[in-house]
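Here it is, the structure, as structure tokens.
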Amino acid sequence: MGHKKIRTALTVDLDKPAWEQPGLHNRWHPDVPACGKIANNEVVKIECLDWTGGQIKNNDSADDVKNVDLTQIHYLSGPFEIETAEPGDVLLVEIQDVQPFEDHPWGFTGIFDKNNGGGFLDEIYPKAAKAIWDFEGIFCSSRHIPHVRFAGLIHPGILGCAPSAEILAEWNRREGELIAASTHLQRDVAKPPEPKNAHAGSADETLKAKIAREGARTIPGRPEHGGNCDIKNLSRGSKVYLPVHVPGAKFSVGDLHFSQGDGEISFCGAIEMAGVITLKFTVLKGGMAKMRMRSPIFHPGPVEPQFGPGRYLTFEGFSVDENGKQHYLDATVAYRQTCLRVIEYLRRYGYDDYQIYLLLSCAPVQGHIAGLVDIPNACTTLGVPMDIFDFDIRPEGDVVQLDMGSCAFESE
Amino acid sequence: MGHKKIRTALTVDLDKPAWEQPGLHNRWHPDVPACGKIANNEVVKIECLDWTGGQIKNNDSADDVKNVDLTQIHYLSGPFEIETAEPGDVLLVEIQDVQPFEDHPWGFTGIFDKNNGGGFLDEIYPKAAKAIWDFEGIFCSSRHIPHVRFAGLIHPGILGCAPSAEILAEWNRREGELIAASTHLQRDVAKPPEPKNAHAGSADETLKAKIAREGARTIPGRPEHGGNCDIKNLSRGSKVYLPVHVPGAKFSVGDLHFSQGDGEISFCGAIEMAGVITLKFTVLKGGMAKMRMRSPIFHPGPVEPQFGPGRYLTFEGFSVDENGKQHYLDATVAYRQTCLRVIEYLRRYGYDDYQIYLLLSCAPVQGHIAGLVDIPNACTTLGVPMDIFDFDIRPEGDVVQLDMGSCAFESE
Amino acid sequence: MGHKKIRTALTVDLDKPAWEQPGLHNRWHPDVPACGKIANNEVVKIECLDWTGGQIKNNDSADDVKNVDLTQIHYLSGPFEIETAEPGDVLLVEIQDVQPFEDHPWGFTGIFDKNNGGGFLDEIYPKAAKAIWDFEGIFCSSRHIPHVRFAGLIHPGILGCAPSAEILAEWNRREGELIAASTHLQRDVAKPPEPKNAHAGSADETLKAKIAREGARTIPGRPEHGGNCDIKNLSRGSKVYLPVHVPGAKFSVGDLHFSQGDGEISFCGAIEMAGVITLKFTVLKGGMAKMRMRSPIFHPGPVEPQFGPGRYLTFEGFSVDENGKQHYLDATVAYRQTCLRVIEYLRRYGYDDYQIYLLLSCAPVQGHIAGLVDIPNACTTLGVPMDIFDFDIRPEGDVVQLDMGSCAFESE
Amino acid sequence: MGHKKIRTALTVDLDKPAWEQPGLHNRWHPDVPACGKIANNEVVKIECLDWTGGQIKNNDSADDVKNVDLTQIHYLSGPFEIETAEPGDVLLVEIQDVQPFEDHPWGFTGIFDKNNGGGFLDEIYPKAAKAIWDFEGIFCSSRHIPHVRFAGLIHPGILGCAPSAEILAEWNRREGELIAASTHLQRDVAKPPEPKNAHAGSADETLKAKIAREGARTIPGRPEHGGNCDIKNLSRGSKVYLPVHVPGAKFSVGDLHFSQGDGEISFCGAIEMAGVITLKFTVLKGGMAKMRMRSPIFHPGPVEPQFGPGRYLTFEGFSVDENGKQHYLDATVAYRQTCLRVIEYLRRYGYDDYQIYLLLSCAPVQGHIAGLVDIPNACTTLGVPMDIFDFDIRPEGDVVQLDMGSCAFESE
């Protein structure tokens, strides 16, 4: 009859440590025990913690961000066994809704300290900072970034099926090689398996030790299964096609975002939140071969916030870095320059650079690859929707400095 | 009274060599003589050659692409002296229309030979290839890529004001340093000044020699003035804010595109055409300081083709290359992988890889930076509008192989 | 601090008769006692019954629709006293969210029997019929109208402030005059005050009798305050500006719709549901004079489902009725013809006319006034989004008849 | 090879009287001789006069509008014989482009005098008035309505195939009956055949006399063939499906509009222009039966100007007229009230009512049927895109009166 309430496949407890909840885990490994079964074609709700597992608080200090424990993050909900799914199938996941918890109508955006996590602009902005966002229905605003308000482009940062043992070994090989080859650099280039604070769901001690030793960290997305892709357009109504690598698929989801900009540049850059996601699962038998699939594909949903193309103010950046050094077709360098151009522009209204850095991380900005072939310069663009501001940011307009207050910072 | 025909500020002759036309030039240099004056607030039409200056023909062989002379390209229309413009001003250019010539309703997309120009995927697809596109009003289709048809997102690939002598020196310094540091690589990483085939407009021999010796090549866009940005959204109705570096601005424009995808991946990747652009010029006095401008900014126009977000099929790619090597947050590597995922997928309908490579270069595909902070993987996405095909490309649909013919190739 | 749960200003009980709930009422009258206070600038949630007060059930018979008691409908939530609002002010209401109840994920669309309510096409389709819609996140589908699925354009059918005594008298005058002048017609042309089943909230018996005697019925929208406008675009994120006619505004809301097409043609034509609406109230002092306001105005929200303009199949209708009679610039006749054209077209896929009539009532179809001046014909259009069907409805496509089952009908 | 210039199937001469040009006609009749042949699947350009045949001039007096000769209007280009088209077929017409003549970059919007043509609001605004619009690429602006500028939604007001003799007879019957039944009204309700100034293309005198006597006037659209539908969304890229009633279809087109609002309320309400339309013709054999077609259907094109839903300010109107009289579900009355609400609102910025009346006629405003079933009130809405103004029209904004000059008026 179809008039039943949708089943909740996993409930989380915001008041209990994540590591005590057997339906959560924070490593990718084929052996993490399933926390439940979901039928083919079933629709379920799944509750999720925020990606820090509750470490960040609704207050006006960024000390919690500065001191965040990055071995404790990304407690994913799952894995769920999807009935009939086998390796080589494709799991079609339709994101039917994403909502914050009704009694928890807020989220946060953070800039990590350069020495604990860092971010895309940490050479320039090394301090920890934070903005708290209040949700009012589909909108959000922040006391830490005044004169801005927008509709969320709500989505999960992480979803994917478990890797097979072979894929996991490949991840550890190639990321290990990068680490080994990068010892001369001043920074972490990847996160190897880390037994500390590994949470393997309901695994017994022996299994947990194995998972802790071998399990892939959840920070990067990876081509074979997706994972932490941080694709802002996986919002309500999206369909995602995921490769299946283990029997039952072992699907996990987490890291819900109320909104995010392309690039999620401050690392803790989305509006991070706890909440509930409604998903429909359909197994497409033999889909990987049929679709020639090597990485997930998707359709965005039909209800993204719409601004009209003429309502974006768009900035350009090139692969010449802030020291005047020319890089060869490097889109990463170009995008960093593009972000800096926006910061320089918006600063004139009275915002602190950290406020803008936070805003570019979480507002629905459009980051595009423009040109990647005109040697030596890559060109990227970043479109800022003007209608998220309650004042006129058009270049022709008068510039009036407003009282922009401050975001939260770490203590001196 | 306003009912006059808009003035044409420059006429080009498609039947005459570009280098014989004094209103064209193919180097960026402050001393290229102005070919005309445009008043502040004036609207004019400017005619432009295609970016190869007519080297590519409407036929079914890619030998012209293979043998293209890259010292002869980018004959820009201009430079124009904009009255009242001074260094430090911003030149607001509104793109009021772009049209192909009425008696020249076709364009081309090319893949350069790896040994003469190359492109984003030349390690995998080294041969020259070509597609000719026929224009029917706002639409285009190609006998070389059947079952595809779409509305153009028409725009200029290149526009910008002349560099000052200081800026030009800086370009030559930093690009020279890159070349010097890259001698171990197997490929050109930048294009230094090249006297051969330099065209300096109406310059006399002495001046021409100087410009030929010092003038910056037009291939890359550059942060200080824009240039060859290849931004597909600079279409009808866009407003571009350009920094002014020399008295009179010395504005040039060219390289018109009937359509282009984000990245313009095959290098000669847009639908290249000759045609006419209608521009309005407004000088914003002291604009660079007011806008804190270090690179151009713009608003896209209001009439881009609209597909609806749910009508894109979107692919993901990560910074793990085709040999399984892990790169560190490299968006360029990620975008290359994303393109390869699309080729693998569309291949199943009967297209040759070169046809898809051409199509991704010129159709209005959306290339986004998704995540750039989740070490070690950058993630990019590429959205393909499904409605450009006359068959169903949804993953759930049946796969029927169609007769896809062939694009034009170089002779064996 | 802003991290509090949003206050629920009114709770309804789906299991208790509407007339026993003092926070509901079903007549417009200035004297209905306020059921609560809301502060200026406050955000609250308000729960609402479906517009029939629960008379329609989730089953496969339309007998409940046939026998609906139309004196028992539109139990509105309210009225709420908005602090500081005075006559002449404008009440800005921002619709921050609308959701069905989590444990009630379904709604209904009905066609009333011609002898009990009727509808826009009741001369042709006189029988009662019904479709039940199941909600899956932002999407809905119906076992009674197969092969259709779409994202809701969720909104309240009714919202407005109470009329003043003068305005109420004017309503009763002019609608009474229409009734008096239309006695020769075969049908109800308006609904005069009706004491039977009037519900006046917490009014005492004396007051209730007055309200029952004088109170305006809730069926029509009216220019002075809005009311039952059935504007499908008043969805999430919309801002509505409402005239205030009595101290405290006495705002009421109800008749939530999961989706509706322009015209809501079957009268019970939206996807009617019970649920909760999140509203923010702001009093604009003296707004009526400032805005020259005689009827409400609004901005739609930014997150409507987007299909792309080329994804609509659009039908035309003119003011020549089905008997070949020419009417003079009558947009109502034209729109009826437009609807009939769609029914004729979609019938070819196997749908019963009643199924299409239901679908046109509730799906997000676009009904436009095209021409209203070319005597004697008015022309209207109706755009049907093709992507709500899981088969191809384009005119060029092959027509394959599908098993379309049946909607619910009244018993013989 | 496809690189030929598109054929121009008809050239018009703007400097010669329309009635001397054999490729034009101004009556619908099956016997108007074809002015040319077009092949199935052919693309052609067709030149068109403006709908008044050049009667309106680019000046600052509306005397030409006041004295317009309405027997001389709508000189249509055609009829064209479409090869292979037979009665019962459907003619698919793709509108590939519409452009004003390059040396005629202007158009006009007029309000007719109540005694010569009138318009939707002529009871309130009886004087003739006019605005001249200058075209700058895709944009237009008017010296008669300052502070407004927008991209055109360019389209043909009229297109259709010739009626059969039977259909023509039916038109004359039913419109004649309306005229006969309306003699008590103070105004023309339809336009019967009128021999004066009939132009029958290349017909000889005998045939011309017959056509003049029987031919249907071109003012109204009619369900059987479309004609003067004035549908603003038939813009670039639209596909129109037209019923064929005579051998060869006898297709005609004219009345080009640079832009128009829903309703085209001032009658001469679009931005009327002369220009050229590019059309592709495809005959769908037996299409009328297959599509159950009784009136044309269409798909809008993909490149309409996009404002974003939240960028419309939307007004409501109901079927209570300006005298307080209640009408029964009359959408025409409701739409008139909606228009008046916009005039009242925009007046506060300094515009004269006639300027707003002109603007609502020609700017891309969205007129929707909202509710048509809530007796006795029809409700319609009118959405005004805020971004066409260069000042802020949001209700919350400050109201600053600007110097709005004046539109052109008739002499006293």
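Brief remarks on what is shown
The letters A, B, C and D name the chains in turn, as written, and every chain counts its residues from 1.
As a working rule, a contact is a pair of C-beta atoms (placed from the backbone, for glycine too) under 8 Å apart; a residue touches a chain by one contact, two chains touch by 3 or more.
Protein names from UniProt, one per chain: A, B, C, D = Acetamidase/Formamidase.
Everything numeric here is computed off the predicted structure, so don't read it as measured data.
Among the other chains, the CA centroid farthest from that of chain C (Acetamidase/Formamidase) is the one of B.
Note on chain placement: the centre of chain C (Acetamidase/Formamidase) and the centre of chain D (Acetamidase/Formamidase) lie 32 Å apart, centres being C-alpha means.
Mean C-alpha position of chain A (Acetamidase/Formamidase) lies 50 Å from that of chain D (Acetamidase/Formamidase).
Put simply, the C-alpha centre of chain B (Acetamidase/Formamidase) and that of chain D (Acetamidase/Formamidase) have 39 angstrom between them.
For chain C (Acetamidase/Formamidase), the set of residues that touch two or more other chains comprises 237, 301-302, 304, 306-311, 387.
The touch graph of these protein chains is complete, with an edge between every pair of chains. Per the touch definition, chain A (Acetamidase/Formamidase) reaches chain B (Acetamidase/Formamidase) in the complex via residues 90, 92, 119-120, 170, 174-175, 177-178, 182, 188-191, 219-223, 226, 228-233, 237, 241, 262-267, 269, 284, 287, 290-302, 304, 308-318, 320, 324-332, 335, 337, 341, 344-345, 347-348, 366-381, 383, 394-396, 399. Remark: chain B (Acetamidase/Formamidase) residues 1-6, 43, 58, 95-97, 102-106, 132, 134, 136-139, 143, 151, 236-237, 278, 280, 301-307, 387 touch chain D (Acetamidase/Formamidase) in the complex. Within the complex formed with chain D (Acetamidase/Formamidase), the residues of chain A (Acetamidase/Formamidase) that make contact are 306-311, 387.
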